[in-house]
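The first chain written gets the first letter, and so on, giving A, B, C and D; residue counts start at 1 in each chain.
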Amino acid sequence: MPDALLEVTNLTKIFPGIRALDDVKLSLRSGEVHALIGENGAGKSTLVKILTGVYIPTGGKILLEGKEISFKNAIDAQQAGIVAIHQEASMFPELSVTENIFMGHHLRNPKTKKLDWKAMTEQTKALLGRMQLDIDPDTLVKNLSVAKRHMVEITKALSLDAKLVIMDEPTSALTGREVEDLFRIVRSLKESGKAILFISHKFDEIFTICDYYTVFRDGQYIGEGKVKESTEDQIINMMIGRSIDQLYPEHTPVLGKEILKVEKLSQLGAFKHISFTLHEGEILGLFGLVGAGRSEVVRTIFGIDKASEGTMYLEGKAFMPKGARQSMHKGIALVPEDRQKQGLVLKMSLTHNISLPVLKLLSFKGMVTRSKAEKTYVLEHGNQMEIKSAGYHVDAETLSGGNQQKVVLAKWIGTKPKILILDEPTKGIDVATKAAVHQFICDMAAKGVAVILISSELPEVMGMSDRILVMHEGYQTAILDAQKCTAETVMRYAIATVAQEAAHA
Amino acid sequence: MADRQDLVAKSRLIDEMSVKNRLIEFFTKWEVILVIIFTLMVLFFSGRTPYFLDWFNLMNATFQFSEKAIMALPMIFIIMCGDIDISIASIIALCAYAVGTAAQAGASIPSLLFISLLVGTLAGLFNGVMITGLNMPAIAVTLATQSMYRGISIGLLGDQARTSFPDGFGIFGQEFIPNTIIPYEFVLYLALMLLFAFILHKTTYGRRLYAIGNSAEAARFSGVNVKLTRIINFTVTGFFCGLTAMLLASRILSVRSNIATGWDLEIITLVVLGGVAITGGKGTVFGVFVGSLLVGYLKFGMGLLKFSGTLMTIVIGSLLITAVLLPRLLDLYKANRKLRLQAQH
Amino acid sequence: QGAKEQAVKSEKEIVILVKSMGNAFFDAVFKGSQEAAAELGGIKTTYMGPPQATAEGQIEIIETLIAQRVAGIAISANDADALIPVTKKAMAAGIKVISFDSGINVGGRIVDLLPSNAELIGRQQIQLAAELTGSKGDVAVLSASAQATNQNLWINWMKEEIKDAKYANMKLVEVVYGDDAPDKSYREAVSLMQKYPNLKAIICPTTVGLLATAQAVKDAGKAGIVEVTGLGLPSEMKGYILDGTCRQMALWNPVDLGYTSTYILNGLIDGTVKGAAGESIPAGRMNSMKVEKDGIIFMGYPYVFNKDNVEQFTF
Amino acid sequence: MLERSPSSLLKKALERRELTLMLLLLVLLVPITIRSPQFLSGENINRILNDMAILSIVAIGEFFVILSNGIDLSVGSIIAFTGMACGMINESYASVPPVVLLLVGMGIGLLMGLFNGVLVAYGKIPPIITTLGTVNIYRGLTFLLSKGTWVTAHEMSPSYIGFPRTTFLGLSYLLWIAFVVITVLYYFSRYTRTGREVYAIGGNPTAAKFVGVNENRVRVVVFLISGTLCGLAGALWTARYASAVNEMATGFEMQAVAACVLGGVNFSGGAGGIIGVVLGTLFLGVVTNALPVIYLSVFWQTFVQGLIILVALALNTLSDQRKSAKLLAQRRG
């Protein structure tokens, strides 16, 4: 490859106990969108962190425009022309949008070295304009919705004049229009001759936007190719060594009795008048654009937040949990959306994480822990999820994103819930695991568990649910029968073109 | 069930895999380092003064640190959850005031104990409710209540002292178990230490403390009642302030408003020196036990050698820093070595 | 080890235990003790004190002294009662305990060497202020901490003295506390001047408070308008006495205090005296000290310092 | 220095916690002035400002440390050591000009801050533990330096003692120094990269690493600032109170922290401003100075101070929570 912009060879990165990258290679050309593909824990994010100077590699060579480079920190990488949008949010919530964009490379008056806020605000306005984002540069980031935060992060990467832009799962917090916006930006970057390294678990995105791909598996280089000349099956085969059935599992709902009834549930500033019923064995999809307030609805049902209005009936009895503990006792489980902050205690071992919700059951009189019972329990449920780790004694923080998600799932299966609420359970999960999760959801439903499934991926919601509750800006716009509606209908309710009246009725 | 057996076998395998790891970990563990430092200290002082290794003196010296060591126990819980309480010395003063005043009015010993525990518990509860109820940082709230509680005892007591106590009141803080050289206070401390060790390491409550300390939000999503737990911690600490106030009043038989001044930081030092992470989520009761003995006997030994108080503060300050720095340096060394070994593969 | 013990025993060790380290007054006390030890021979005298002026700090030190079986301890106490249990323990272990300067209550020591009679000190303070102000106007007291035993005793006598008819035009308006911290004392002095426009004098029965008050009055440009007096060390107050901010103040001689304490302890250790009421204890150049009721010994009258004599003193 | 139009500046201020504090301060002043009208006299205000000048200098240093998600408990001890050192130098070499003493104080403070900073940044010891250790060490060193003795007024040179009292344009040098410190560090916090990086480190250390902020350097810098300011404060302290004693400024860290707490500085780092800290200091100053004036028994002052801090803190928090709830509601419509 003559005109390679970036050439990575023999790259190795070792963490205590694990070889995250083992002798991998990668080559990138300018004006190309290059997909980096691999299952969870394959080492993609690790490579990104090396390229951006966050980690120092154990061995190997990185050539940028033919010159060997080694970064000591992120600034080195930026100055060399590499910027990244990281998988984990990296914003400063207490600072303004302008400042978030310019942190690390504030503009200064060349003579006095004084920071030039005026110029920075101007540039931010221009950048946001280019992204067609309606955000005041002076707003504090903590006051933005998650999607907007993500768009700001992308804007930030663009504010740097980069040769290579790395996007590590940039769409996992975006939906619909924003993904479109992002692709528009990617295309314009490509046209201006930049290289883009694009990491995603979503094949439709890869096939839409990428030109070339490289596949890693277990920290090793497997192969590469042109996207146009490959099929999804081929790539999946490279990724996991076998092909998988990507169709959603067959699920014929056997509805039991009504288990949950929600009436006019509201929370000030978050959502209003949500009403639905849920039956045993049913899968209720909850769809909406990011920021529609779905997470808040399920948080309230689970008792994390307080409702400001409305009633709930659990198996016919009025029910308003004061905390997660209460709802757990009543048989509700919630797999939260943010696995790092809400799902896991990162600095605790997998064992202790998985047993945390059921500690009481694994103890003597609910007070004194029994480590043998705990171990047995953890093995039983952990192995079911095929977690890839150095053992159950390692801290959860050392796992890759996808594997962390599996730990969260394992943690909640054991609570034997009657109602299982899943908030974005497949976010950042590779195809193989995703299929497993889908199968698992259906199995649960088949056992009579009532499931509420939040997902920002429309096909997933369509494919998995029996009914779909659609939300827009905190309002419930429709409850649709999944068998009888089309993706377009759902989307229309989600962006509320047909639903304005309904919302305000 | 056949696979249940299989699972148990597997779990044993996991254990064995980590045995080697654990051995390596062992000698770089905080507690072990503390024990080594402690031993060195004992050797040093025994060599320098004939009065150190004397059973009566060693036991008698426990009077000087038992109360602080007792307070360090509930403080472990607070720090374990990532909180801090810098009002404890003031709560002790407040309880001591109540004890002294009630004693002057002729209250019996059991009712004095009750009053002291009640006042302490209420003060601790107030801290806990303010912190969790309004979601304010513990250090800021207890900074304010530090002045408030101390202020109440100053306001009520002014320049007066309470010095009349019922007969036999001195038992808790001054006396030895009959026919032995073991102070009641120290026995009480040992018993409480074991109790706290059991709660922290063997009960679900203890496990939840670790979870909260590492990630309060994740704990909340896992059904841990974080607010309640934190309130309980502060309340329990208040309760123990009441107990400590009784012991202290009994030991010195005089209550003034400036009693126990400066204990907050000393007690926090014991906890931190004992290896409890100030950010929460890490530490053991055993570590704090060794840390408390270490500081207690270090002060005693230095006193015997007529070190000035000044030099003692320097030594204890340096010890705190070294004790935290040392395992880190060892960790660094270990990690580097491991990396090198792996790279050679 | 036996030999070591012997060596320790052969020389009588006595400890001067003071309120806190780093106070020039006590440094002078210790000088007196050393002087006496040199005269007596066979005595090793040690100077100790907690880093902060608390009873608990003193208790810790006394416990280690018990462990070493020192021969005697002379204490200036941070709390008249709190030390009693531990000094009782010390005395039970055969250690002779006396208090000086700031006393321990009966039961916690054998004798209490008062630098002077509390009544005399208290009354004299008012008299000094009256002389300076012509017995007119408001006066205020700036004390050490609200817990200080000796200061509180003196202040009570000040309140007693000012009731006399000859002070009809003089009013004691307030007692404030500077906690023996220069900044706090300074601040309290400033707010006294602000609060009482008719303030004519501030009495500070504590050396730190006196220093800070003199500076505060000087800064406010009120030297001569607001008189400053109290108890202070001549070596420290020299500047203010010479420039007229503090025209007169009183104090007893700390060197004598240490000297006498050491003589008394020596007698108690040797068993030549018992410390019983009515007894006379020989005390070298101080002649003899008479033990009164409750084991109290008065040393003498406070000495008044002014610009004519202040430069003669080294403590 | 102001770049925005005054009106937008006002709007900005309105959004901030500082406003709550300003209102509280006014509310507090009403009963005080009714009780004692001369409280608001120019002379008295000048006095309070002078009284608070040293605290404001130290509180600003503390502010940067707290902003980086740390805490500096050693400030009182650094003040004591530098104050003692300056006093002793002045005693032995009376001819050394006061300005040089201030510089010496700052130099020593800088070294002590450096020690703190290096332990925190490179030793990876949490700030609270590092400074819990050094608060003892530095205090002990003060004793060793002075051998327990004091430096008193007549041992110091009149020029040194007079320095903080000298006035220029009606204000004392002490106030001018505090004013310069506030201005320079305000500029630092708003208009320099390092200043902003402190916010970044405190707000989200991981994200800061991603954008290339050198965390260790910033951590050292905040302790350097705190140490240097304490050194300056120590040199001024000795001159202002005309004495250097070993226990000076004991517990001063609590006042500095209290000023930051009142000023709305976020304890988990990343949020807060110097204006708030200055207001917080003033607030403390008014409270401490007003209590005796309104004839509150000296014995109850400690209690009232604590109560007021707690109330201010609670109001601050509540208004903050209300504001964010309102914002959320606005966002959803």
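Here, a contact is a pair of C-beta atoms (placed from the backbone, for glycine too) under 8 Å apart; a residue touches a chain by one contact, two chains touch by 3 or more.
Being a predicted model, the structure only gives us computed values, none of them experimental.
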Longest centre-to-centre distance from chain B, chain (CA-based): A
Chain centre separation in whole Å, for chain D relative to chain B (CA means): 31
Between chain C and chain A, distance of the C-alpha-averaged centres to the nearest whole Å: 73
Distance from the mean Cα position of chain B to that of chain A, given in whole angstrom: 42
Distance between chain centroids, defined by C-alpha means - chain C, chain D (Å): 36
Multi-chain contact residues (two or more partners), chain A: none
Sites on chain B at which at least two other chains make contact: 154, 158, 308, 310, 313
Sequence positions of chain C contacting 2 or more other chains: 21, 51-52, 146
Listing of all chain pairs that touch each other, if any do: A-B, A-D, B-C, B-D, C-D
Interfacial residue positions of chain D with respect to chain B in the complex: 71, 73, 119, 123-126, 128-130, 132-137, 139-141, 143-144, 148, 254, 257-258, 261, 267-268, 297, 299-307, 309-310, 313-314, 317-318, 321
Interface residues, chain C side, partner chain D - complex: 20-24, 27, 51-52, 146, 176-177, 180-183, 186-188, 190-191, 194-195, 208, 211-212, 214-215, 219, 236, 238-240, 242
Contact footprint of chain A on chain D as seen in their complex: 3, 187, 190-193, 196-197, 199-200, 203-204, 206-214, 266, 270-271, 324-329, 331-333
Chain A residues within the chain B interface of the complex: 14, 16, 19, 58-59, 304, 323-325, 328, 334, 336, 341-348, 352, 356-357, 359-360, 363, 366-369, 372, 375-376, 379-380, 391-393, 411
Chain D contact footprint on chain A (complex, rising order): 52-54, 73-78, 84, 86, 88-95, 99, 103-106, 108, 113-115, 117-118, 142-143, 145, 268-271, 293, 473-474
